[in-house]
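The following blocks contain the structures, represented as structure tokens.
Okay, so subunit A shows up in both of these, paired with subunit B first and subunit C after.
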Partner chain A sequence: MIRYLRLYAHFMRFSISKALEFRLDFFFRIFMDLVYYGIQIGFYQAIFMQTPLLGGWSRDQSLVFMGGYLVVDAISMTLFSNNMWMLPVAINRGDLDYYLVRPVSSLFFLSLRDFAANSLINLGFAVGILAWTVLRLPEPPHAVSLLLFLAMLPFGAVLHYQMHLVSLLPVFWMGSGSNLHGIFYSFARCMERPDRIFTGWIRRLLVSVLPFCLMASFPARVFLEGPHWPILLHFAAVITAFFLFIIFIWNRGLRAYSSASS
Partner chain B sequence: MIKARGLSKTFRVHKKEAGLKGSLRALFVRDWKTVHALKGVDLDVGAGEIVGLVGANGAGKTTLVKALAGILHPTGGTAEVLGHVPWRRHNEFRRQIALIMGQKAQLWWDLPAGDGFLLLREIYQVPGDRFAANLKTLTEALQIGDKLNIQIRRLSLGERMKMELIAALLHNPKVLFLDEPTIGLDLAAQRAIREFILDYRRRENPAMILTSHYMEDIEKLCERIVLIRDGELVYDGGREKLLASYALHKVLTAHLRAGEAPAEGPARPQGDSGVPGEILEWNGTQVKLKVPRSEAAAAASHLLQSYPVADLSIEEEDIGTVIEAMMKRDKAA
Partner chain C sequence: MNIAWIFYLQGVKAALSYRAEFWINFAGSVGSQFCVAFFLWKAVFLARGTDTLQGFTFAGLMLYSLLVPLVERSVMAPDMMGIAGEIYDGGLSRYLLYPLAYFQVKYASSLAQSTLYQGQTAVILAVYAAVFGSSGITPVSLMMGLTAIAFAGWLGFWLLANLEMLAFWADNVWSLAVMNRMAGWLLGGGMIPLAFFPAWARSALEWLPYIRLLSFPIRCLLGQVGWSEWLFGLVMTVAWSLVFAGTASLLWRKGLRVYAGVGI
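Let's look at the complex of A and B:
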């Protein structure tokens, strides 16, 4: 474990020095994300001109939820996104060969080796927006709920990464993976909507096998509506289940890769 | 250190006809073809040995290397490398091997090699003092210590390959797989890398398997040659034995005494039935003949008697020519 943390410290150091080298790209990406944040805030302001409640939440509560998913998104962008973009390419091109001969988990390497330094700055902005939305709530939040909320958001990002990875795993068998990102990003929009606006089997799907509504909605509900054990357990169970599922499929994928490789 | 028995590997690939029509057809109907990349390969490599794996493109060289390095899961047979089954990829196994592929970079493009080496130190858990000592020895041997802080993408191909070699050897691997380590390099860089590989062997005594299209690599580095054709080993033995059994000719070179031979050279041996074989060179100072092995002695004595020879040498044919001839012969068979 300590070895992996040390390896990760190297990844961070290398990625930061690499990001700083391409100055224009560095600032442009920060600017792009700021535009995205502005659009999200504007979107919620526009909706609440039409309705007083959205999925059971008021304007102030919905803004906290929004702040939550901006943080989830920023963590995911910082830690995982660049790596997920490169993953199908690495598998297609056979770069995986070198990872397979190293005494270290190939999944760890391919998931985390590129740390997005510019997104770390955006994470700062996202946390700032979240703090602003929490502070403008009419009633001061409960400390336990707030702590649980803040603790759940990084796990929401882990779930976001897990879903992205799951959408990419077919590349082991398909040979080409460029379309797979599209599937993930179409679904990922559901993360940006409160879970209660969905009903029936779609909702059941979005909190179980396609758990996009868990990533930010469940942490926000724990914060806004108090810590309910079923929600916390549900959240933990889905993350654990996907973790085990990914390990299983990854190993099958490696076997397929090593069978097809020449 | 390396032991393979009956190693085989089959792939299923789909055949596609050329052109757009072929592509459209392949979208709906696939013709599958089974390719036998390895057919029951037996191979043993001991410590300190450098085995030259030679074969045409698609003969199965890289497949064999990948199976032994644990990247590839074979269809049949067994293999043991350092007491481990390679494709189970135990960390203990992976810590002791290294793979270099001339066509694929392992170091990160945007990082200086020095940073990449630090990462490898962490991956292989090389103790600090050993890492420093290894890095010093390796960079000095390749004379590249001053380039450690330059990003890989800014290095020349030769410098990059040297860095790749260092990257592969920092953890003192006991088994080395070198797949085309000198591909695309200029002669000076090829020579430097060859010397370096021999130097590494002297120091660490590892088992090495080397594939290369450059016969000079094979000739200078490998005492033992394994010839692979269509997934089968067709020759496995010493370099000398290969020459003795398969080289059909020897090359005779005679230097003539200046002044004693006519200015325009000795009479060309038209009609001189005593000169057997093929004349490669014939001028005022030098005669070079390619003669069948069995007639080399007679040809030498003929030259000595008939011409003012100052110095005579009899050499084996170039190993590349022998291997090429063998591969052609096998194809025809």
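Let's look at the complex of A and C:
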């Protein structure tokens, strides 16, 4: 474990020094995420000009949910996203060879080696927006609910990473993975809406097999409606199940991997 | 054979080279966007307890939401056009050595993708009309809409070309292209129809280019635009295209002076 932590510290150091070599791009990326945050706030303001409630939540409650998914997105962008972009390329071109021969978990290396320093700054902005939305609530938050909410958000980001990885793993068997990102990001929009607007089998799908609605909605529900054990257990069970599923598929994928031009 | 035509055909072949992915991506992105819009607006209509919102019925909003990803794919290339990449890796040099009109070639490739997406749009609209009825789409509105999409594709090309050519000076312009897409998504009426914006915002957006990329072609397809507004919209699209074509030409000339041709 200590070895992995030390390795991750090296990843962070290299990534930050690399990011600061391309300063204009570094600031462009920060600004890009700020535009995204502005668009999300603008969207919810426009929606609540039409309705008093969305999925059972008021404007203030929905803004807390929005702040939550901005934090989930920022954590995911900081830790995982750059690595996920490169994963299909590494598999397709045979670059995976270089990771397989190293004496550490190849999945750990490929998932975390690039730390997005610019997104760390955006994480600060996202946390600021979340704090602003929490302070807007008419009643002061319950301390336990708030702590659980804050503890669940990083796990929401882990689930986001897991779903991204699952969407990319077919590249082991397909010729190209360039379009797989597009599919993931299209589905990831479900994360940006309260889970209770979805109904029927689509809702069941979005809280189980494609758990985009768990990432931010469930933490927000714990915060806004109080701790509820079935929600917490459901959340933990899905993350664990996806972890095991990924390990299984990764190992199957490595068996199918035939180095360059696989 | 005309060089641009050759590049157009190559672009079609490239887009279809991974057919399964092409169609899976198409179905996944359009289906998921439509699904999110369906449940969002259903929740809003239920909470509000009304039949219409800003002049849209639920069915009308669903058709609008279906058209957004279809038109977006036709007018805003999903990926960058490769100009920035060619500047970074020196691939631009081959265009400079041979008697090729660079923007003509790039536009032909971009048009190839756009044509395929327009074909997909036509298929989806035909299926929709067969299942749910025409919903205001007539042969005239279809003609007006497809013309607006063609013009919007030209505008989208020049807009993105400007951003990509900043690669002559900037380390990476990918984030600018993403910002452009996000701005188009909100300010062009992709996220929600512009009718849901306050009046002052709608008046301001009328003079920006983004409204010509999404909202205007979609409203044309839906038969919500009269002849005079259609003509005004096309004139505005052409005007913005000419502005961006002019700045692209300027950036091209200035950029070539600093282009190092790495990779020759």
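Assume the second predicted complex is superposed on the first by the 257 of 262 C-alpha atoms of A that agree within 3 Å, B and C clash if a C-alpha of one lies under 4 Å from a C-alpha of the other, contacts with A are read in each partner's own complex, and residues count from 1 in each chain.
Definition applied: contacts are C-beta pairs under 8 Å (C-beta built on N, C-alpha and C of every residue); 3 or more make two chains touch, one makes a residue touch a chain.
Small disclaimer: the values here were computed from a predicted structure and weren't measured.
Contacts of A:Pro154 after superposition: neither subunit B nor subunit C is touched. Of the two partner chains placed by superposition, only subunit C is touched by A:Gln50; subunit B is not. Judged by the touch definition given at the top, the superposed model places A:Arg193 against subunit C, while subunit B stays out of reach.
Once chain A of one complex is fitted onto chain A of the other, the partner contacts of A:Leu7 are limited to subunit B, with no touch recorded for subunit C. The partner that reaches more residues of subunit A, of the two candidates subunit B and subunit C, is C. By the document's definition of touching, of the two partners only subunit B reaches A:Gly94; subunit C does not. When both complexes are overlaid on chain A, the residue A:Lys18 reaches subunit B alone and has no touch with subunit C. Look at A:Val104: by the touch rule set out above, it reaches subunit B but stays clear of subunit C. For subunit A in complex with subunit C, the residues that touch the partner chain are 22-25, 28-29, 31-32, 35-36, 39, 42-43, 46-47, 49-55, 174-176, 178-180, 182-183, 186-187, 189-190, 193, 196-199, 202. Subunit A makes touch with subunit B in their complex at residues 3, 6-7, 10, 13-14, 17-18, 21, 94-95, 97-98, 100-104, 255, 258-262.
Across the interface of their complex, subunit A is touched by residues 11, 37, 62-63, 66, 69-73, 87, 89, 91-92, 94-95, 97-99, 101, 104, 106, 108, 110-111, 115, 118-119, 122-125 of subunit B. Subunit C meets subunit A in the complex at residues 18, 20-22, 24-25, 28-29, 32-33, 35-36, 39-40, 42-44, 47-48, 53-54, 78, 170-173, 175-176, 178-179, 182-183, 185-186, 191-192, 196-198.
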